[in-house]
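Next come two complexes built around subunit A: one with subunit B, the other with subunit C.
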Partner chain A sequence: MTVLRPSLFMSRTRDLLPLLLNLPAVILLLAFIAYPIGISFWMSLHRYNLRRPDQVYFHGLENYATILASSEFWNALWISLYFTFMAVLLVIVIAMAIALLLHESFRGRGVVRALLLIPWAIPGVVNGLMWVGLLGDYGAFNAMLEDTVAAVNYLFGINIVYTGMASPFVALNAAIGAHVWRSVPFACIIFLAAIQAIPTEQYRAARVDGATSWNRFRFITLPWLYHAVLVVAIFETMNGFRAFDLIYALTGGGPGDATHVIAWQTYKEAFARLDFGGANAYSYLITLITMTLAIIYIRLLYRRGLVQG
Partner chain B sequence: MRMMTRRAFLQSSTAAGLGLAAGCSPAPSPGVIFKGWVYEPDLVRENLDYFERQTGIRVDYNAVSGNYHDKMVALHVGGAPMECCYVRDDDFAEWVEAGWLRPCDDLLAADPDTSATTADLFSYNLSSMTYGGKRYGLPYYTDFNIWIYNAPMLEAAGFDAPARTLDELTEQAVKVREARIRTPDGDVIEYPIMLNFRQSVLGFADWWTLNYASEISLFDDDLNPTFPDDEGRRAETVLQWLTDGIHRHRIISPSSLTVGQMRDHVAGGRQVYGILNKYDLEYANNRRNSVATDEELKRRGSDALHAKVYRMAPVPSISPEQNGTLGWTRMYSLTSRCREDRMQDAWALMKFLGAKDAEGEYYTARRWFRLRGLGFAYRSLLDDPDVIAQTEQWGEIDKIREQARHVRPRENIKAPWFPDFKIYYQPEIQKVLLGQQSPRDGLARIARRCRQLIAEWT
Partner chain C sequence: MARVRLKNLTKHFGDVVAVDNVTLDIADREFLTLLGPSGCGKTTLLNMIAGLESPTAGEVWFDDRNVTAVPPERRDIAMVFQTYALYPHMSVFDNVAFGLKMRGVPAEDRKRLVLAASKTMEIEHLLDRKPRALSGGQRQRVALARAIVRDPGVFLLDEPLSNLDAQLRVVMRTELKRLHGELEMTFVYVTHDQAESLILADRIVVMQDGQIQQIGTPESIYDCPANTFVAGFVGSPPINLLRGTLEQSAEGAWRVVGEGYACGVPVSMIERMKPPEGREVFLGVRAEDIGIGEATSSIEPDAAAGNFDPTGVRAKVVVREPMGSDLYLTVDVGGTNVKVRTRPENLLDRGDNVGLYFDPGKIHLFNGESGESLISES
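Our next item is the complex of A and B:
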């Protein structure tokens, strides 16, 4: 019997065909993702200020060195770390609590689940403007805070002067609150999906063994949610470090430098100073920090055996 | 149902894609491409329609929404086709340095009628449109900051005239606060003075205004900072007055650090004193916009549109003989990408908008003033009977004329490092106002940064 072997040409064509079919997608990815990433890194190694278009030249890591030596960067970094830490913590705790609640059966659960998505659907700037209204001089939240401070003053015979969003403490924490409000729904969906995947037999067995609600949560629910927590933590860390639109609309970076987060500094470098070399260096530093934190999260959870590879 | 073959599908998809690509490819505009920020775009279009009827030149106008500076930077960097555009004096030097604007000296030299209007310009406007000895624009609108007070409220507190000096103002404002004046909504005014110290692209004009009112030169001729050891340390005195006003005397609202649109606060009758753009006085004294004015006119039983509820006064200064304020300029400029075959059309548009129309009238400047009270850069218009009559409905022409004599642009606005300065000094001044640092320390830090920037940019 004669064995028919494909010709060399046919064989090569068959090997190349998948590559050729993928080529359009690869070209698009290279053009719209790889190229901008590459060019922005290359730009970060240049002195490139649009106000001096005739003085663009390569100067290595000098942009990075200048940024790392500036007090503005370190101040912005600490504010961003506080912002991100508080945001991640609050989002995880609140979203998990809401997800547990929404996992229970009750009348109107579908409607509540749908309503939950509304904050997530609101663009960042709109969210900021909405909170400007709520926390502004004549806003409802501002009035509540003012009345609370007045009540505390009255009860304890002290004299705390409430200055609303003109207070650095209030401004920064209000920005965190607004960010959390918008971020909770996404985290909640992830937690809800994870909770629904937990085998009910485990809860039944725990009940038989007399486990309390807290113990059921601690020893069954929480371990099953570690993967979801990791995903939310990474997402929220990235979001926290990139928070800009909200700050832009809500506080404008003020009062003082209380809300000068690192993304705000990047914006100022790019559009206020027109220093595109410095702004790109800032962007890469944000990427580096976020990646480092993501790696730390993953390492911590892997080391403890909480997440399976 | 008729089935489509794979071959037919691919053929029609390719044809559709090519068609779309052809449709998306930019076609050269037949008219003059003109871009500006969003301020009354319908009125702008009306002006342009009139221009098109007068000249037969078509204008492709586009109002750039959002942050004008940032979007225009993107358009300039991207090489978007554009003949002319609005330019703020804040951005002027930056855009010239970046090579985005085209000087118009040659066009002015060839156009004696328009060139003659230069002599009619206020000197601070002319200066604001000139860089490196070259002229880059014609004025869109211009104005200066004024001190305003709510006359009925001041009267209710027992005063018939506003304070002249900063110390007198402190004394008067404390008494006004103690008089517990109420807003039209019935709320007690806790802080009689509201200023605008929110960090923003165009923010902190009030700081300059108060300094210029006390005739302080913040920079010398070489743009070196004079503060904090300027003559009599007056810059520090002004900043100390502001800080004391917030924390010690509680006459200046802490919300001054966060409030955006000052004219809305004024129109809401929520403050007794403040600093306003002069043209916003028309807004504040127009019952269509202002609750305070509407209430006052109702009280008088008048059906007039305007009432002089808010009045202007010299900006309070350290000494009574001092007078000054901040002025600014918005202009029309040709871009460096203005097409050669559209140059004359673009210049005709610039002349129509920023100088005189085909009939030799300051048509656009007059119309802006008539419809929105916008300030103009031409001195002769202050003597125009129509302008005087209209101004008297909501303001006082004599006070405007007097204040116009003492207007100054920001001294360092044309320094190449002005954008770097702008993002540094605003948070530093806010820190002073928050009590996080002393006025002297804050000014010293700003001065130190200025010197660094000068060294970096020269």
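Our next item is the complex of A and C:
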């Protein structure tokens, strides 16, 4: 049999054709991802405030310096850190508890598994509005909280004043609660998949070895879920830092600056103050923070040898 | 130290009857193997002995204790699983020590016991490694060390060698036999490998479809199989089974006659036989109990067969399989394939006609319908 050598022409078209076919996608990616990333960085190095369209000029890292020197930024950063930390913690604990429960067989498990997905399917803004309904002045949760506080006051003879969403503490933690409520299903699915991948013989061996149910969780389930927990942690950390739509609908950043998370602050820079230079610098700071955290997590994954390098 | 008794143990999974009314008495320090094809309920039976699976009906007794409702950790057992089930995130040392730790053995004692067990299993140099950094044979040793470290009364092994390559299996088989000699434990060993079973066991329990087919020493299982299933399952190559009819000659001699063969039945066998008159039977004969006679020109019965030739078998060679020390011939006897073991020097080849001789003292007779042995064990 003779081997057909492609002619020069053919080999060239062969090289060109895949390129041509990929070109639309490449152009779209460049236009909608690479270009905005580049241009926003470029803008973050400029003084660029729409209120002063006559004064657009390059001024290096000045925007960053201004932001880092402002108390607004540090306030937003702490709120975001608290928000994210609590969200990640609660999501992991709650999702794992639910996943462990759903792993057990009981009547109607399939229905419960399907119901679990509903919060995930709800868009962030809708979720926010729904919680406004629950926590607003006439909301059911609000009434319950109010009554609880009244009962506590009565029982212990103290006087805690409950002001609902007007209280910074309630507003911030309510936002965290709503965020967690929406984030749990996804984490739960990841955990459930990971739990189902644990061989039953591991548990049988542990039972023969005399491990109690708590020890079986501690020494078998948890180590087997290490990977899944880290994946959820990475995902939820990024989600937490970028939380915006929910805040927008639920608290609007208030009361005062109580729920001024960093993404909200970015929004404010851009669309309230119209300072596009500063807002872009804010986005880059968020990116920097989330990327740093992601790198730490990923290094943890590699260190445990759970990801093949 | 433990004697294990199973009383009418039954386990259903929905409609599946995994174990069906098993009654068994396992002596202290006995090496007992549960032998049977895949899916016959061996693992389920072992799990019930371990307490990992609760029986649908029946009882499990350890010595004079009814342990049917006792959880595994309080049964004085250790178990080696089909997949070893080592804990992947723990070092070998921690794997072996885990059971001791869970039982609250102090750290110094733990260390001493783990070292002793690792020494027995020759894995001292591996203690710092994680299971994923071990070879299959090493994992097997760790699994065994983890089981013996607690010095249990009953040692349960679920196909512990099935994941090893053929050579390593031979090595570990010897190792297990040595272990059983050294440790004063009752071994219950599950396998689907009849050779492993014959080599290791004091007694073999042959199972099929959740039911015990036969219990006996390797010799009795091999020499006096209770039915065609056991006869076919134990021994390699499987026993040859030929349909035939029992007949008595005018002189009173007995023989089995079937398509293409006739074989005399010794009087001693007839004496131990359940009433045989005019029966359809299965004649069982192992490859090594068949002699090869003269090559013949045809497989048509000659004049002698018309008379009363007690052992005449006419065959045609179908396949020739040399196996080093032995040569196996597959021959056609009246439409049935029969395996014959012979010396490798034998030159018979495909297409040759040959006369065979079934050793009458070594044949087995089974009921032609039920497959039960016709010979009562003497």
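In this section, the second predicted complex is superposed on the first by the 274 of 309 C-alpha atoms of A that agree within 3 Å, B and C clash if a C-alpha of one lies under 4 Å from a C-alpha of the other, contacts with A are read in each partner's own complex, and residues count from 1 in each chain.
Here, a contact is a pair of C-beta atoms (placed from the backbone, for glycine too) under 8 Å apart; a residue touches a chain by one contact, two chains touch by 3 or more.
For clarity, every value in this text was computed on a predicted model and none was experimentally measured.
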Inset, instruction - Following the overlay on subunit A, give me a clash-or-fit verdict for subunit B and subunit C. - result: fit
Inset, instruction - Check the residue A:18 against both partner chains and state whether it touches subunit B (first), subunit C (second), both, or neither. - result: neither
Inset, instruction - Using the superposition on chain A described above, determine whether A:252 touches subunit B (first), subunit C (second), both, or neither. - result: first
Legend entry - Partner chain(s) touched by A:208 [first = subunit B, second = subunit C, both, neither]: second
Inset, instruction - Pick one for A:223: touches subunit B only (first), subunit C only (second), both, or neither. - result: second
Inset, instruction - Kindly classify A:108 by the partners it touches after superposition: subunit B alone (first), subunit C alone (second), both, or neither? - result: neither
Inset, instruction - Would you sort A:60 into first (subunit B), second (subunit C), both or neither based on which partner it touches? - result: neither
Inset, instruction - Using the superposed model, determine the angle subunit B, subunit A, subunit C defined by their C-alpha centres, to the nearest 10 degrees. - result: 150
Inset, instruction - Quick one: classify A:199 as touching subunit B (first), subunit C (second), both or neither. - result: second
Legend entry - Overlay on shared chain A, then closest C-alpha pair between subunit B and subunit C (Å): 46
Legend entry - Footprint overlap on subunit A, where subunit B in one structure and subunit C in the other make contact: none
Legend entry - Complex contact set, residues of subunit A against subunit B: 50-53, 136-137, 163-168, 171, 251-257, 260, 268, 271-274
Legend entry - List of subunit A residues in touch with subunit C within their complex: 199, 201-202, 204-212, 215, 219-220, 223-224, 226
Legend entry - Of subunit B, residues touching subunit A in the complex: 67, 69-70, 73, 77, 94, 97-99, 198-201, 203, 254-259, 416, 419-420, 422-423, 426-427, 430-431, 433-434, 436
Inset, instruction - Enumerate the contact residues on subunit C facing subunit A in the complex. - result: 47, 50, 52, 71-73, 77-79, 81-83, 85, 87-90, 98-99, 102-103, 146
